[in-house]
Each structure stands twice: as structure tokens, then as C-alpha cells.
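Next up, some structures in C-alpha cells.
Two complexes are shown next, each including chain A; its partner changes from chain B in the first to chain C in the second.
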Partner chain A sequence: MTTKAFQKIYTKIDNITKATVTLRATGVGNDELATVGGHLAQVVKIMGDQVTLQVFEGTEGISTDAEVLFHGVPPTLKVGDGLAGRFFNAYGEPLEGGAPVEGEEREIGGPTVNPFRRRQPSELIATGIAGIDLNNTIVSGQKIPFFADPDQPYNQVMANVALRAKADKIILGGMGMTNDDFLYFKNLFENAGVLDRIVCFVNTTENPPVERLLVPDMALTAAEYFAADKGEKVLVLLTDMTLYADALAIVSNRMDQIPSKDSMPARSTRILQRSTRRLCSCHRVVRLPSSL
Partner chain B sequence: MQLPSGGSITIIAVTTLSGGDITHAIPDNTGYITEGQLFLRNDTDTGKVIVDPFRSLSRLKQLVIGKKTREDHPQVMNMAVRLYSDAAGAKTKLENGFDLSDYDERALAFAKEYSDKLLSIDVNIDITEMLDTAWTLFAKYFKKSEVSIKAELVEKYWK
Partner chain C sequence: MKTTGKVQGIISNIVIVRTEGAVSQNEICYITIGDVKLMAEVIKVIGKDAYVQVFDSTRGLKIGAIVEFEGHMLEATLAPGIISRNYDGLQNDLERMESLFIERGTKTDPIDYEKLWDYKPLAKVGDVVTAGDWLGEVKELWVDHKIMVPFVMEESYTVKSLTEAGQYNVNKVVAVLTDSKGEDHEVTMVQKWPVKKAIKGYVSKPRPSRIMETGVRAIDTFNPIADGGTGFIPGPFGAGKTVLQHAISKQAEADLIVMVACGERANEVVEIFAEFPHLDDPRTGHKLMERTTIICNTSNMPVAAREASVYTGMTIAEYYRAMGLKVLLLADSTSRWAQALREMSNRLEELPGQDAFPMDLSSIISSFYARAGLVHLRGGATGSVTFLGTVSPAGGNLKEPVTESTKKAARCFYALSQQRADSKRYPAIDPLDSYSKYLEYPEIVEYLDGHIENGWVKNVMEGKTLVRRGKEAAEQINILGDDGVPVEYHEMFWKSELVDFVILQQDAFDDIDANCPIERQKFMFDFVMEVCRKQYGFVEFEECSAFFKNLINLFKQLNYTVWQSEEFAKYESEIRSIVASK
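Here is the complex of A and B:
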């Protein structure tokens, strides 16, 4: 962590909720990282000089006079070929010990690839699963959700797709994954000898839920490195977006926004859209139904 | 997205449903902003999990089927789902105590094998094999006249 010479330390928090703190501060950027009472946090809202931060581990134990120190940078990921075959947490730190990845440091919330550079997708991604390849063929460059009831073996299906899909790299983003599922993925990939094609960013049920919010951007930053810089065919598997949205609700509901449908904050779809801007890269402005 | 460098990023995102409700805010908006959806469902006849052909859709499939895959792909795909749908209709008749026609009986038998051999998530074969399997099933349960596929494709691929 680099600190600037005359960094202000704030010691007056105005409001604390389950996952956020609000204080008056200036010169702060959106998405900027900060430390609140020693805990890692991120700017999620700036209104004039009122800054709200989401604290990844939750705010338990944080008092109103806790020190708030802004890092001056948003979350970043160092991208390089060394990412392949490794497992990382939601912050991009290696899970198994081992050296951190060397490479260019990129902001994970950075600008998306210019829409005008994109071409109409027209290669197929064969998954080996007939229900997909035969009836619902997926095209490279596509974004498609996989709906399932919680008791269905969706992670097994995803794992099989990861093994069989004809892709140069598979980036797995796990959000709220059980430890069992994580070990399942890890063993499967190791045994199949495909680990060198795979990069995993994992937030498990043992990690704080709010951390999950970093996972899609981490996965997509890595994906963009391999796709744009190396010209590779990349498949990104995200599981489970419902748990991601739950984490958003924890943060947004605590920002005193009036919840609307199904306790999702009225702005959640816009937040979801902003966070998944890379996911909807082919869409411009989407008119959202007013019922939300 | 597909990039001029030849690279591409394809995204498959699992979204679990609470109580199978796709009108809940989360799946509702994920479905809205992406290019289709895939649904898993339990098939009670085979006891296996399948990708549900009725509720699943890939909005971009028409860019590649029959072009990057074999020429018979679009018609075989549609016909098989049509027959599967006829079988669902037959099942409803059965449940309501109506008599089944010979066609209905064959459709039901086809549907069970189609689900088992092609829709189940444990089936791991390439697309050509999938198409040939479908043709085999057509020939097993139906006459050429009952399968409305272009004559020249029937001539070429009927098993």
C-alpha cells in the first residue's frame, strides 16, 4: 500500500450501518480503497463531501472515532501470464501461498473495451452438453445466464463446461461458494490436467459476503488481458449471481435506500448494470421497467 | 464480446432462483440484460437433470447453427423439440384420462429417450454425434412423413 506524503487521516465517522460507514471527506475518488479502523473498505457513494464506504468484513467493532485512511487508488489486479493455473481471493491475492503475480497493474473497475472495436460474434463455443450445443448453441462473445434451483447440480454443470469447452482460458469467479464446491472444482481441474488453462477468483461462504462484489470485475479484468492483449478465446464462468446481488442488497439497503421489489434496492438494477457493464458490453442504455 | 485481435470473452453466469421464481428481481434483470438464458430442470420421467428446451434460449444461436455446424442442425433441432412438445401434450392427455393415439404413444417413448440421450447434462458428445443421435431417434419412432424436415436432408441423413 502506497501512502502519499500528506495523507489526511479522518477520525470522525458520521454514520455506521451493518456494512457501511459515512463520513465527511474531500478529494476522494469513486471506488477508491480505504482502511477503516484497520479494515479494508471501498468508496461506494459520494454526495458532496459525504462519502460512504463499504467495509468488506462488516463494521462490527468499528467505532465512530476509528481512523479512516484513503489509499488514493481503486482496487487493481496485476495481469500477466502468471495468472494461469492459480487460485486467488476476491482481492486478487494468491490463495495457496506462492508468489504474487508479476505484471501490469490494472484498475478492475476501469473503462470497458470501446464498443466500436467489437465485432459481431460468429464462432461457437461447444460445451459438450447437448441441451446447450444442440438447442441453445452458445456463440463466442455471448453473455448468458444459467438459471437453476439451489438444489440442482449447477456447479457440476459449470465444471463440465470448464473441462470440455473449446476455450484458451477459463476464468472462474466464485461468489459465496461452499468450501466443498471450491475443493470440487480444484480437484477436478487438477486431475484433468487442465489447470494451466484456468484462473480462479474465489469468495467462499467463509469469507465476508461484501467481498464478493469485487469478484466479477477481477474475473473480467483477467479475461480482458487474455482476450485483448493475447488474442485468446476466453470463457468466464460466474457462480452465483444471486449471492452477488444479496451482497449488493446488504450494502445498498444499509445506505438508507427505500427497498422496492423483493427487498432489492430501487437502484440495484442500475448498480447491477454498472457493475456488470462489461457483461452487457453489447448494450447501450437499457430502459429499466419502472416497477423496480 | 469479440475483439478484432481475434480474442473473445464469453460469459456464463449461474443465477440460482428462489422457489423457481424467474420474476424475482435478480433473475428478471439478469435475463433482461443478456443474450438468452439456460434453465436446468429435473426430468421426472428419466430422473435426470436436463437443460429445459422450452424455457432455454440462446439469442445468438442462429449466427452459427447450420453455418458453423452441419447443415441439418437447425431443422433437426427444431423438429426434435416439436416432437418433445407433442409428447408433453400427450402426457397431459394421459393425465386427464384421455385415450392416447398411436402417435402419442410413440411421441412419449421418443421424448423419454431424447431426454435421456440428448437433454441430460451428463451427455458428453460432439455436435455431429448429437445430430446423428437425433436422426436415429426419429427413425426409431417415426415415419419419414411424420417428420417435417426438408426432403433432401431426410434423404441424406435418415438412419
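Here is the complex of A and C:
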């Protein structure tokens, strides 16, 4: 994301809401990334020359003369073997320092799998939990939601499933996870000696909620790389989808969209479905703690 | 001269286009982005601005992009070679897409334009014909695929010339027709039809007068669906909607099956892709895939194409109906389609109706269900489209708007109950909540009298009453305790359990029990009713359960045994002797 020499810098923002800014700009593509006063943002609406940007970190402290730079590309993730064993934030930047991952830059949320090219799921993933294995078997290539109340030990169950499943890679997408839970996962994976099989994209409760919107697509892009390009078995854990949906509602609300059912945006159903897009050889476990 | 326009605004997959000329509602247009073209449909026009819904991702689209309007609505291509294809919602052939991922803007031909077909003419020179009349036929797999006067040619025409029998591809002109003004029209084997309009081209649409066998006892015996009828299956998550639909698609007594996977999980479709080419159709001996066409817009594919997918499926079904075939259209699930409608309505900032669905949801659903039906064609043949949709009510709430609107439109209602699914009583069709309005049709009653046995519907009603009284008895027993009620209550309860276990429950994974032909259903139902009509005069309630548990076990063995085999006869006589001895 280096600044190109001929790039146009805008310095006049017309409107600022809690999550979005609107300004006049031309030649901007839909879904494109931008930087607003040093904060990362994404184009969510274009009306003539009025461009609306969703600022991931929130608009606190952004002034009407902040510098706005358009990157000309949608969010991407560099995929490569170097992803394994690393922890990233919602933008795909390594946490705890370390060198950025080298590899091919891929758009997140890209094209969908041709259903005709899928294989029929038939392989059991043994979790060692009788309630799952005997009654509600997880099959390789399936997606399974876990519904739970906040007082239930869902993260422990998911971590158990992750460790026992014979997957080559485990991708953890944490949305609105508490720092304690994040450290729980991290320590557990470290102690189990499986760090080299783990890729983590984490948005904790300390981070701005809107950033969460990037996490599922980041995790799935990495998963698709390992599954489709490398032919590995990948297990994806996304926790927790309710907080993800909350972030969608926040953005839609701040853009003055008409709320749909239960004040969720109308598109939430589709996004949830899309975010659980699966690959033929990719395991996936998704947690949806409340009924949606 | 095509109308063109420029992109003026983008809100997710709604694009606002400033047009330079006339556009019509629901017209198709293509938006150029780089070297691909994205298909879109006009859904609202305000002044010079057309609001279009894009059937693909609008990522990277910029203001000023060129838009070309096509001058027609979304159309299906109708020609030989549709059966056993796997399409997406816009009728792109998925099998022809080579890559694992579907790249944006990928288009493939719905049919093979090169393939040669054995054509022979059916009409004669000088015949007066109109839309839907048969001009010739080709052999598509095992189907006599009729080449018809295109449905758009609704006037009266005279056949001027016909091509001789021979091998041709679909673009061959097979007939020249002259209209009343003396102008000639060339007809090929391919025609196009806007999917949102119903195909007419038939003489009349009578009330359905016969039932369509599905091999599922809870449907055929208790709540049969008519050939040319409509029905729907609402059921909460995990209640077995898809397994039931798959069973019906395998066993139904139809010539062709069109399956629309609308917003469902892709793995469910993969099962059909993987299994159907190998399974035999028990009725004809052909492979199941040779009678099945799949339209697949799974949950991860573009949402706007979902609406298109159900219409494309219906159009294909209507096309084959016009050839005099019995077509069964299955859509899984119409709720996802309604969600797509809700999303669009929200984007257009329309005021929301109940549960934020658009206000016209009910009329959209009923006009769609109205396209099914039995038709008399010119020339005497009949064809039918039977439509069975599933609905996934959020949280299993059968009072939500999609279920309620569908209930008004469909004639059969197969309520899957969570309670039955939880107690592993499959198929989880609730015998008391479900209904079939066809049992009230005098035509159907007469048909069942003639084809099954005299007084069949009366017997079925008696069976339903038995189940209802059994449930009431069970509630009384629960409240008052086992010995707080008369023994007859226990007897009544166990008789209803017998009907439940033997008739209503069916093992979809057992080769024999999975598919129960109507003759066997008649035997089993009559047999069970015969046993239930007898008053046993138990003294202690404990006797009751032991007696009926034994009977249920034997009856279940009967269900798992080959029809009228020696073993079958053995179980039958064992049951009879037990019943007689008491």
C-alpha cells in the first residue's frame, strides 16, 4: 500500500458520521480501499461524484480537511506458505511485528466455487465429542454452526474440535473476541505444538468493531489458498458471527439505511451465507451463537 | 439501435444508470467493467435514471462505465438439449465452466449449438398453426422433444414449407410460416422466452383430476399432491426438508424433474450431481439424471440471480409441459428467494412490510404458484407442471410472512415439525397440521375411488381422526396419569402410534421402505385400519402397550420386506393370528 507519485490527494470531506465519511471524488471504483487521515477505509457507495467511505477504525478525530487517498484496489491478502503459524489483524498485517508475508496478492471475497466442481462430502471428522460424532457428525467439506449462550464454553469446544480434527491447516477468524479468549486459543495452540498449522486473523474487542467485517473474507481467502492451491485439508473456525452481524448493523445504521428485520441490514443474511462459502476440500466450523 | 447509458451511482449491487433513450422495466443490460460485461436487470426507472440490479459483484466498478441495454427482458433459451444439464440461475451451463471458481462475468451456452439431432416433421404444409403447436420432433435422450411454433408468435400462421427429416443442429430453419399479412417467418429449433411471463400456448387449464405418486406414504396416503398441483414444505432447520425433496425427486411419478436449488448449501446439490447419474429411475429404467435438470444458485452465488433461478426453472418446466409431458418442479427454498426480494426492496428504500419483506411478496408468490397446473394442449395431449417448494421459516415460526403467503397460494401443506424430527420420526411431516386441499376435490375423490379403492378418501379421513384422537388421549394420559384414565384411552393412543409408526414413518435409507408404490400403500393402510377398527377390550393398561409394541414391530418388518414375498406373507399371517387371538 505504498503511495504512488501521481496519486490524487483529496482534502475536502463533506460529511462525517460515526462510521463513514463522504467527499467529492472522481474515478473511484466500488469496494476500493482508501486512506482517510491515515485510517484505512473502503468505498461503500458512489452517487455521481459523491463517494461514501466506511472508515474501519471509526471516524473519531477525522477533520474535514483530512487527506484522502484512494488505493485503486479492493482489500487484498498476500497468500503464501509464510501465513502458517502467524497471527494477523483484520487487515492481514502481522500482529506482534515480524516481517510481512511474501506471496501472491489476492483479492479477498473473490469469485465463488462452481458447485459442479465440488466433490460430495463423505469423510468424517472425528472430534472425540460423543454428542457431535454420534448425533450430529461433522463431515469434511461441511459447515457447522454452533449455537450457544454467552455463558457456554463454546470457545473451548471449538478449540477441542480444532485440535482433534486431522486438518493440515486450521484458520481461526476471531471477531470481537475478548483478549483473554484470544490468548486462550493462542496458548492452547502453542502448548499443543500445532502452531505451524495455525493461521489467525483476529479482531479483539479492543479493536474497532467495523474492522470485523474484513475478518471472514480474510480467513476464507487464506483457507482457499491452502485448500485449492495446495490441496490441503483446512478447518476454518469463525467466532463469533453474531458480533460480525452486529458490525454490519452498525455500518448500515450509520449510513441511514432503512433497517430490515430486527434492525439488521437486509443484506445480512446473504453476507452470512456468502461468508460461509466452502471449498471442496475445506473443513469449516462456524459458530452462530444466537438465532439469526 | 440499442439504448446506452452511463453508470451514475453504485450502492452494492444496485447501480444507477443515466440513460440516453428509452428503457423498459425488467429490461436486461450489460455493464462494461474492464474486459468483462456484467449482466443486470432494470428494476426501477426515475426520470432518466434507471436502477438496475447487477447479477454479479460490482467490485471496482466506476462512475461513467458504459451500459448497453438489450431491449428484452431476462430470457431462457429453449431448445433440445436442456434435460440433464446443470445450470446456474441465468441458465449458464455450469459443466462447461472449466475452472474451480466462477469468475465474474463468465457466460456459457445453455445448449450445444453444434450437436446434430434426428429431426422429423410432424405438421403438414398448409396447416394453420399458432404458438405452441408442434411442427416436428427430435429425440432428446428418451424424450420426443417437440419443436413448436415459438410461444411469442401468438397469431395464426399457415405452414408454407417444412424441412425434411434429417440430421440438423438447432439453428437449422425447420419451417417457414406465413402470417395473415402474407409475411414469412422462419422457425428454428431454438426459441427464447422471458422467464417472468407464463408460457401460454395451451387450450385450457382444468382442475387437477389425478394424483401424482411420490412413494412417500405420509404424502400419497394422507395428503396426496395432484398431478399439476402445488404444494409446499415448510420446516425448521434440520427437520429434513432436503432429504424429503430428494426422495420425491428420485421416486415421483413424473416424466421430468426440474430442481431449483435456490440459495441452499452447495453440498446438497453436489449430492445430486454425484448420485443421480448412477441411479436408475425405477419406473422407466433410465438413469435418474436423464430426467433431471438442475438450476443451481447456491447460497454463495450472486443473490440477484436467485430470483431469476426460480423463474428460469418454471419456464423450462412450462416448455416441456407444452410437449405433453408431466413435469415436477422442485424449489429449495423459496424463503431464500423471498430474502433476495427483501434485500432489493430495502436497497430501493421502499417502505418495508411485515418482517421487512416487500408489500407485494404475497402477490409475487401466488402468481408464481399459479404458473403450475395441468393443461390441455391443442391436438388433444395433456401436460402438467406440479410445483413443490420448500420454505425455511426463521426459527421454525410458521406464522412468518413467507409461510403465510405461500399457504394462500399452494394447495398442499406439508408441515415438518421439529418435535417429530427430534424424536426421529421421519419423514417429520406433521399428520395433523398438514393438509391437502385435493382430498376435497370431487374429481380427485372420484379418481381415488376408481384407482385405489371405493371409499378411499373416507378411510383416509378415518385414519386422520384416529391420529387426532390418539393425540388427545395421550394428552389426557399425561395430565391424569396412566391409571387415571379409562383403558380405552390407552388403546386409542396405541392405535394412533401404530398408524404413526407403520404408515407415517418411512425409512428413506432402506432400499425397500424408501419407495412405497401406491398398491402397497393401499394394502398397508387398509391392513392397519382393519387392526385399529377392532375393539380389544383390554382390562389393564399395561397389556395395551405390550400388545401394540409387538404389532408395531411386526408391521415394521413388513415394511422392510419385499412386497408379496414369502417372508411378507409370513409376517402378515403372524399379525393376523395375533389380532385374532385377542
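Assume the second predicted complex is superposed on the first by the 257 of 292 C-alpha atoms of A that agree within 3 Å, B and C clash if a C-alpha of one lies under 4 Å from a C-alpha of the other, contacts with A are read in each partner's own complex, and residues count from 1 in each chain.
Rule of thumb we're sticking to: a contact is a pair of C-beta atoms (placed from the backbone, for glycine too) under 8 Å apart; a residue touches a chain by one contact, two chains touch by 3 or more.
What you see is a predicted model, and the numbers here were worked out from it, not measured in a lab.
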item: Which of chain B and chain C A:Gly141 touches, first, second, both or neither; value: both
item: Touched partner set for A:Thr35, first chain B, second chain C, both or neither; value: neither
item: Larger contact residue set on chain A - chain B or chain C; value: B
item: Which of chain B and chain C A:Gly110 touches, first, second, both or neither; value: second
item: A:Gly128 touches, of chain B and chain C: first, second, both or neither?; value: first
item: Contacts of A:Thr59 with chain B and chain C, given as first, second, both or neither; value: neither
item: Partner chain in contact with A:Val161 - chain B first, chain C second, else both or neither; value: first
item: Partner chain in contact with A:Ile46 - chain B first, chain C second, else both or neither; value: second
item: Chain B versus chain C as contact partner of A:Thr204, first or second or both or neither; value: neither
item: Chain B versus chain C as contact partner of A:Pro74, first or second or both or neither; value: second
item: Chain B and chain C footprints on chain A, overlapping residues; value: 113, 117-121, 141-143, 228, 261, 269, 273, 276, 278, 280
item: Chain B residues touching chain A - in the complex, by the definition given at the top; value: 1-18, 20, 22, 24-27, 29-40, 42, 49-53, 56-58, 60-61, 63-65, 67-69, 73, 76-77, 80-81, 118-121, 123-127, 130-131, 134
item: Residue ranges of chain A touching chain B (in the complex, touch as defined); value: 113, 117-126, 128-150, 152-158, 160-161, 164, 167, 220, 223-224, 226-243, 245, 261-262, 264, 268-269, 272-273, 276, 278-283, 286, 288, 292
item: Complex interface listing, chain C residues touching chain A; value: 8-12, 16, 57-63, 86, 94-95, 97, 99-104, 261, 263, 265-267, 269-271, 273-275, 296, 298-301, 303, 339-340, 342-343, 345-347, 349, 351-352, 355-356, 394-395
item: In the complex, chain A residues that touch chain C; value: 26-32, 44-49, 74, 107, 109-121, 141-143, 228, 257-261, 265-267, 269-270, 273-274, 276-278, 280, 291
